[in-house]
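Two complexes, one shared chain (subunit A), two partners (subunit B, subunit C).
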Partner chain A sequence: MSIEIENITKCFGKTTALNQVNLTFEKGKICGLLGNNGAGKTTLFRLIANHIFPSEGTIRVDGEEVWDNDRVLGKMFLVSEGNLYPESMKVKDGFRSAGIFYPGFDLENANRLAELFHLPLKKKIAGLSTGYKTIYKLVLGLSVNTPYLLLDEPVLGLDASHRELFYKLLIEKIAESPCTVLLSTHLIQEAAPLVEQTIIIEEGKILRNRPKDDLLEEYCLITGPSSKLEEWLPGKKIVKKASLGGLASVYIEGTVEEADLPQGFTKEKLSLQEYFILLTNGGIAS
Partner chain B sequence: MAQLTEHSPIFQQIAELLEDAILSGAYEEETQIPSITEFATTYKINPATALKGVTLLVEEDLLYKRRGLGMFVREGAKSKLLKKRREEFAVTYISPLVKEATRLELSKEDVLEMLERRWK
Partner chain C sequence: MKDINIKAMFTYQGTSMVKAFAIFWAVLFIVTTGIILMVRVFLPEDAITNSQFSIYEMAAFIMALVSGIVALREDLRIAVQHGVGRPTFYLSHLLSALFLVGMLTIGGVILLYLGTWFLTGFDALTIKPLYQSIFYYQGVPKITVGLFLENRLFDFGLYFLGFGLGTFLSLLFYRLNKPWTIVVAIALPLAFIVTLSHTSSGNAGKMPLSPPEMGPVFLWMMLVSLFFLAVSWLLLRRAPVKPL
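For the complex of A and B:
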């Protein structure tokens, strides 16, 4: 039971948005999809949800191809910037039509969440602010009870307290009825504690696909006096250096025991955000 | 609630704060601790990660599961933790103290004197 992406390539004219992508999303995990703008995240989401078709390759959900397969498409829900419903609809009518497409839709839950977010049920979707349009889609996503939940930038336009409420409700949902979540976000620090598997994408290619805790063991940051650091460095694989006067910091591959460090040196683990920036902007990948 | 940091694995931090709560008596022996969902929503973490942290304490027999009810603190957990933390004390607190004292060129006598003065 999983989503399997096999050799997917997607071209838009002369642009290759995704290039030979292979991925598997294991059931019941929260998977974070990280990538800079234009990396191909949204294209990947739209391919999985069958909104667009791959130039090459296949996508299977629980062993069945997604292409034009209503049964498979009923197993997933995509929250993205695009809109699936006519905007002239009122929020409550949107809820009602979601119930037609998704038999597992829990209207009572949708109403409860709408109240928590202060989402007005009688207002037309077109009349909602950017933030509330997102909230409307999140309320649907958290109420359809599909085994797969695809969240493409789910907190776009949400203020801090609404983001916090959303994370809390997502955790509650997963704890009550486990589902597979694929989530992309630029707010890495906020989402990091939720993510188990991390996928990093750049220029249409998958750079990493590993459990988050393993990923963060790949590099560490050592800080100490420049002169001493230079003596210590030979034999270490240096990824990036920075200095502040006589103080120097280096990112090195692997990790070292604190006890093995010379006096006056400190070691730090990377946060997911630091790791991501190091990998994609630090030029390690290229 | 205490904030989690990103610099050590979250499940270990959950295990540590559970230990602290047992030590302080916030979670008393033979009483129920909050559910996995409560931990997960409070700290905004993955329920699987919260479970992993709780499991660490179950493996050490500090917590146990009552079917259909939830997790409870084992009788004797506090004294067991005291013993464990005392064993770790030298590594966790004294080693960094000696390291920093050496860096500041303080003698053993200097440090002992400070310790004497601050000890109630």
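For the complex of A and C:
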């Protein structure tokens, strides 16, 4: 029971947005899809939700192909940047429509969340600010109760307090009715505590697809006096080096026991954001 | 066999159609009543004029055409956002077309009889169905059941044709890229004008048209509509859904 992506390629004219992507999103997990702008994240979301068709490959949800399959498509809800709601539709009408299509839609919860976010129910969706448009979609996403929730840049345009509220509500929602969440965001540091499985995508190719904790074990940051560090380094696989004054920092592959470190040295585990930057901009990927 | 969520889609589309039709009919009712009132107030009962008034059908045709254009894109986005595939959406689109066309046809009859009733005893103005205005220009001695049905079939076919054409044009421009949109936008009206000028030059002096065999005319209108709708499906089946 999962989302399986097999050999997906998507071309837009001469541009290849996704190239032979193979992925599996396990049921009940929160998967973080990380990538720089233009990496192919939104294309992947749009393919899963059947907004577009692939040039090659297949996507299966719970063993069934997604293409125009209402049973499968009804199991997921995509919160995306683009607006698919009519310009004349009001927020409350949007809630009513969601109730028609999703039998599990909780109108009471949607109204409660709208109140928490101060989302005006009588206003037209098209007339909302960027942040409130996002909030409208998030309220729907958190109320439709589908087994799969796809969140493509879910905090786009949200201020810090609304972002915090959203993360809190998402955790509450998953605790109450577990579901599989696919989340893409540029605010990696904020979303990192939620993410269990991490997928890193670059130029349409999957660079990493591993549990977050395993991923962060791949590299560590050692800091110490420059002269001593140079003596200690031979035999270690260095990824990146930096020095400031008498101190030097070095990212090395693998992990080192604290006890094996010379005196005055410190070891730090990488954050998901540091790992992502190291992988995509640090030259490791190539 | 894939499950389809037609009930939800049709509930959404049908509700929109009922709302749109209610507004349309109310406007036409106000316009018709306004014209009748003006005529009754300002024109003496024995005025020597015999004006005919049949705006409903043309307005309803435009309504069906615009509904075909607008409903398709808006409802497609809603369908895809809410987990409904293109085949189900299109099936529901066709059902809602029949629903709207049915409402427009019945609405026309109600308005016709209401108007005729308001004009009882006043000969200066008559409300005539479009079909009779075209094919029975000089009047018919008696409205029979057959003629009543012919009128309704003509209306139904005309509105369905409008909806089919609207759907086709909407999808055509939805799928074309910008240069082709410009080419088609210029070529279509040109082709229409050229065809019309050729047809009308051949039929000069033949107006009013003679009463048709309604069966073939209705069949022709339905077949052309179905052709538009079939081509529309081909354009839709692999269409990407573009946000606004």
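Just so it is clear, the second predicted complex is superposed on the first by the 286 of 286 C-alpha atoms of A that agree within 3 Å, B and C clash if a C-alpha of one lies under 4 Å from a C-alpha of the other, contacts with A are read in each partner's own complex, and residues count from 1 in each chain.
Operating definition for what follows: a contact is a pair of C-beta atoms (placed from the backbone, for glycine too) under 8 Å apart; a residue touches a chain by one contact, two chains touch by 3 or more.
Just so it is clear, the model here is predicted, and its values are computed rather than measured.
Participant: Once the two structures are overlaid on subunit A, check if subunit B and subunit C clash or fit side by side.
Facilitator: fit
Participant: Rounded to a multiple of 10, tell me what angle the C-alpha centres of subunit B and subunit C make at the one for subunit A, in degrees.
Facilitator: Rounded to the nearest ten degrees, it is 140.
Participant: After lining up the shared chain so the two structures overlap, which partner does A:213 touch, if you call subunit B first and subunit C second: first, second, both or neither?
Facilitator: first
Participant: Once the structures are superposed on A, label A:194 by its partner contacts, choosing first (subunit B), second (subunit C), both or neither.
Facilitator: Only subunit B; A:194 stays clear of subunit C.
Participant: Quick check for you: in the superposed arrangement, does A:253 touch first (subunit B), second (subunit C), both or neither?
Facilitator: neither
Participant: Could you look at A:26 and tell me whether it touches subunit B, subunit C, both or neither (first, second, both, neither)?
Facilitator: After superposing on A, A:26 lies clear of both subunit B and subunit C.
Participant: Could you say whether A:272 touches subunit B, subunit C, both of them, or neither, answering first, second, both or neither?
Facilitator: It touches subunit B, and subunit C stays clear.
Participant: Thinking of the overlay built on chain A, is A:159 touched by subunit B (first), by subunit C (second), by both, or by neither?
Facilitator: neither
Participant: Smallest separation in Å between any Cα of subunit B and any Cα of subunit C in the superposed model?
Facilitator: 27
Participant: Let me check the overlay on chain A: which residues of subunit A are in contact with subunit B and also with subunit C?
Facilitator: Common interface on subunit A, subunit B vs subunit C: nothing in common.
Participant: Please give the residue numbers of subunit A that touch subunit C in the complex, ascending.
Facilitator: My answer: residues 49-53, 67-71, 73-78, 80-87, 97-98, 100-102, 126, 146.
Participant: Give the list of subunit A residues in touch with subunit B in this complex.
Facilitator: 29-30, 164, 167-168, 171-172, 174-176, 189-190, 192-196, 213, 263-264, 268-269, 271-273
Participant: Using the touch definition from the top, list the residues of subunit C that touch subunit A in their complex.
Facilitator: 2-5, 8-9, 11-12, 74, 77-78, 80-88, 238, 240-244
Participant: So in the complex, which bits of subunit B are touching subunit A?
Facilitator: Per the touch definition, subunit B meets subunit A at residues 4, 6-10, 36-37, 40-41, 43-49, 99, 102-103.
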